[in-house]
Amino acid sequence: MTTLESTLAALRVHLVDLHRELVRWDLVVWTAGNVSARVPGENLMVIKPSGVSYDELTPGSMVVCDLHGRAVEGNLTPSSDAAAHAYVYRHMPDVGGVVHTHSTFASAWAARAEPIPCILTAMADEFGGEIPVGPFALIGGDEIGRGVVETLAGHRSPAVLMRNHGVFALGGDARAAVKAAVMCEDVARTAHLACALGAPAPIPQAAVDRLHDRYQNVYGQR
Amino acid sequence: MTTLESTLAALRVHLVDLHRELVRWDLVVWTAGNVSARVPGENLMVIKPSGVSYDELTPGSMVVCDLHGRAVEGNLTPSSDAAAHAYVYRHMPDVGGVVHTHSTFASAWAARAEPIPCILTAMADEFGGEIPVGPFALIGGDEIGRGVVETLAGHRSPAVLMRNHGVFALGGDARAAVKAAVMCEDVARTAHLACALGAPAPIPQAAVDRLHDRYQNVYGQR
Amino acid sequence: MTTLESTLAALRVHLVDLHRELVRWDLVVWTAGNVSARVPGENLMVIKPSGVSYDELTPGSMVVCDLHGRAVEGNLTPSSDAAAHAYVYRHMPDVGGVVHTHSTFASAWAARAEPIPCILTAMADEFGGEIPVGPFALIGGDEIGRGVVETLAGHRSPAVLMRNHGVFALGGDARAAVKAAVMCEDVARTAHLACALGAPAPIPQAAVDRLHDRYQNVYGQR
Amino acid sequence: MTTLESTLAALRVHLVDLHRELVRWDLVVWTAGNVSARVPGENLMVIKPSGVSYDELTPGSMVVCDLHGRAVEGNLTPSSDAAAHAYVYRHMPDVGGVVHTHSTFASAWAARAEPIPCILTAMADEFGGEIPVGPFALIGGDEIGRGVVETLAGHRSPAVLMRNHGVFALGGDARAAVKAAVMCEDVARTAHLACALGAPAPIPQAAVDRLHDRYQNVYGQR
């Protein structure tokens, strides 16, 4: 095996595990969500096949694509969202993983085209402020990817709500992107419930900044 | 085994699996939901027995019925909804599978006799517009089936909310009908939450049309 | 083994299974819910021990009590709700099983002292009308049991919401009582959601009556 | 093995089990919640490592800390919340276990800085009144621990909602603290739903007192 072959083999296995995390944390139903990983040092990414159920995913069913979302090997069609993932990788070199879901509470905010306000310390930690809303965009071409990249340009958030659609979450690697997708739904749910019974208490911007800085630099094992 | 016998045997096994999907996606409690499949080329369908819990379903417990919902073999009574399923098969020749549930969020829209507005791209994809509401109808005769067929006549949606009752979802085969039932509850939940905190952003009709066309013709493996 | 001994042994096993149903259908957290069964032909009932987690329940841990809720054998203390269960058995000779839960949506209606309106055909089927609210009552003596019995006297419903407290559900046997508890939470949830976004459509009383009659007499296997 | 070594070994195993309870009762997502236990008779506590997922927790990964939250052995960094746990142990000698979560409904009340009103008998039982709200406090130093201790001083509640943050729950041992965290989310959810559709019925203070006294002194096995 060449290095590239063994890298691809490992990413395929890893992506099966990460799709299981989408199911486990209730971010997806049926076949409607996907994870991709950039192949380090190559103009390639690996992504879920289109319309295949999570139970049936195997390492071999993952699709290797170029950074325009076109399959470069195998017989399976990549996710309909492949072009959007690819656009993100082309324009955000630090991004190593992308997740797309229609997770329930986040998509409810997206359906109102309303950003999720930063009213929880866990949001300040992970997102560094509100989770913004990107434009309405049709699937298939560059429209969604461009909306993701342009919307996130002005924010620290690794997740964006695409209007009337769902979530795109990014990370330095695919696992970090999945974490951002999980946390996005979690804070979307808590913020929804908080707003349902009244006005949440705001968090001062200076506290948001300190929480985000600490979480990004001190939290976890070093 | 004749061809019919082996077809029935396969459908019985398949229906046990599909009833498990109703449980897995939280569409049913206790015994209140059912799936049927048309027997291709015959005036027959196979359906869940009445009042049997999902744990106890076996291929042998599925009931073969004529297209008036009457059992044609065995000792078990078919689902109380058999007549409604049968009516659909008699009047909609392209339908190969029917699902009935009282799934929570969809039934809440049904209790208000309020269609689910098409405010999510996933709804445009699967339903091609709103999910409509059919009439209040008593169980047992043709009343429910007629309500399902007449209501869906003017819509692209494969699912209908029966007023004060629950969901009927249809498909080219039983698996497609289960998918429609799963997606119906998913969009019912997201749309409920979106409407709970304000007014959702509309999706232009032209975009709904393009999304539906693409999803029906491009999505998945070919 | 005498007949009584073998009856008790069977009920103990059955009750462990039924408590698992409470967990499975999300009706309970930690140790807060219980099922009992009348011992046919005896002034005895079998009930969960107090404060024991569902994981740790074994047939041997179930407590045989007289119909005043006092343990008649063994070292374990019966559920704090034993007196309420016992009162029901003393005053309602057709009741063979009693369930108590703090299931979430039903308890929310109970906290507002608001009956659940009959806006779903599934409610008409199982409850024959609204699910009524009983008085606020302190635990330990006959107060809760009396509230249950007196409130249900004027209703067809096998379940009652005790104000600020939770649900008592009854049945001809313990399994029927568990079913009533499961269905009570299911319709409480759907009715809550229906009412959250507007006014539900009413079901005419004549239709409620016909649905209830059919479900009690035709549904299921005969 | 010395007595201290065997105590620590047992606590490490016990804490793995208790973290599983956080997952099981849906109190946590990803890595965002933690349990600690005081080491009896020592100025030590054992706590979850920072940023490690619940699947990967082993007895050996738990971190022994002094009562300022500093690791005293091993290579793993303790939870970011270690200083808050430690502050509680230093100032509340009867506390043997502390739990921190961002459980959804409780955190929604916390985001509005609104105490959970005592409208359920289960709340009177476990919390003896409302669940109060502590101040907004930054993570890392004594600020959170001080907020927990000062807020609980005037209440019977073993749980406190920290503003815009989440829950701290205490107990005589770690299992009791986990129970308080589980019950806190359960009553937060029911109370949220009750308040969503109208005004809950109040419970008279004398009844709250009697329920709390009975539950603390009579409930469970003796």
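Here the chain labels run A, B, C and D in written order, and each chain numbers its own residues starting at 1.
Throughout what follows, contacts are C-beta pairs under 8 Å (C-beta built on N, C-alpha and C of every residue); 3 or more make two chains touch, one makes a residue touch a chain.
Everything quoted here is computed from the prediction, not taken from an experiment.
S.K.: Residue numbers at the subunit A-subunit B interface: does the shared fraction exceed half, giving same, or fall under half, giving different?
M.R.: Since fewer than half of the residue numbers are used by both chains, the interface counts as different.
S.K.: Just give me the whole-number Å value for how far the CA centre of subunit B lies from that of subunit D.
M.R.: The computed centroid separation for subunit B versus subunit D comes out at 44 Å.
S.K.: What is the distance in Å between the mean C-alpha positions of subunit C and subunit D?
M.R.: Comparing mean C-alpha positions, subunit D is 31 Å from subunit C.
S.K.: Counting only residues that touch at least two other chains, what does the list for subunit B look like?
M.R.: In subunit B, 196 touch at least two other chains.
S.K.: Okay, what are all the chain pairs that touch?
M.R.: Inter-chain contacts occur between A-B, A-D, B-C, C-D.
S.K.: Can you tell me which positions in subunit D touch subunit A when the two form their complex?
M.R.: 29-32, 49-52, 76-77, 80, 102, 104-105, 107-109, 111-114, 136, 138-140, 163-166, 192, 195-196
S.K.: Applying the document's contact rule, which stretches of subunit A touch subunit D when the two form their complex?
M.R.: The touching residues are 25, 119-122, 179, 182-183, 186, 189-191, 193-194, 196-201, 203, 207, 210-211, 214, 218-222.
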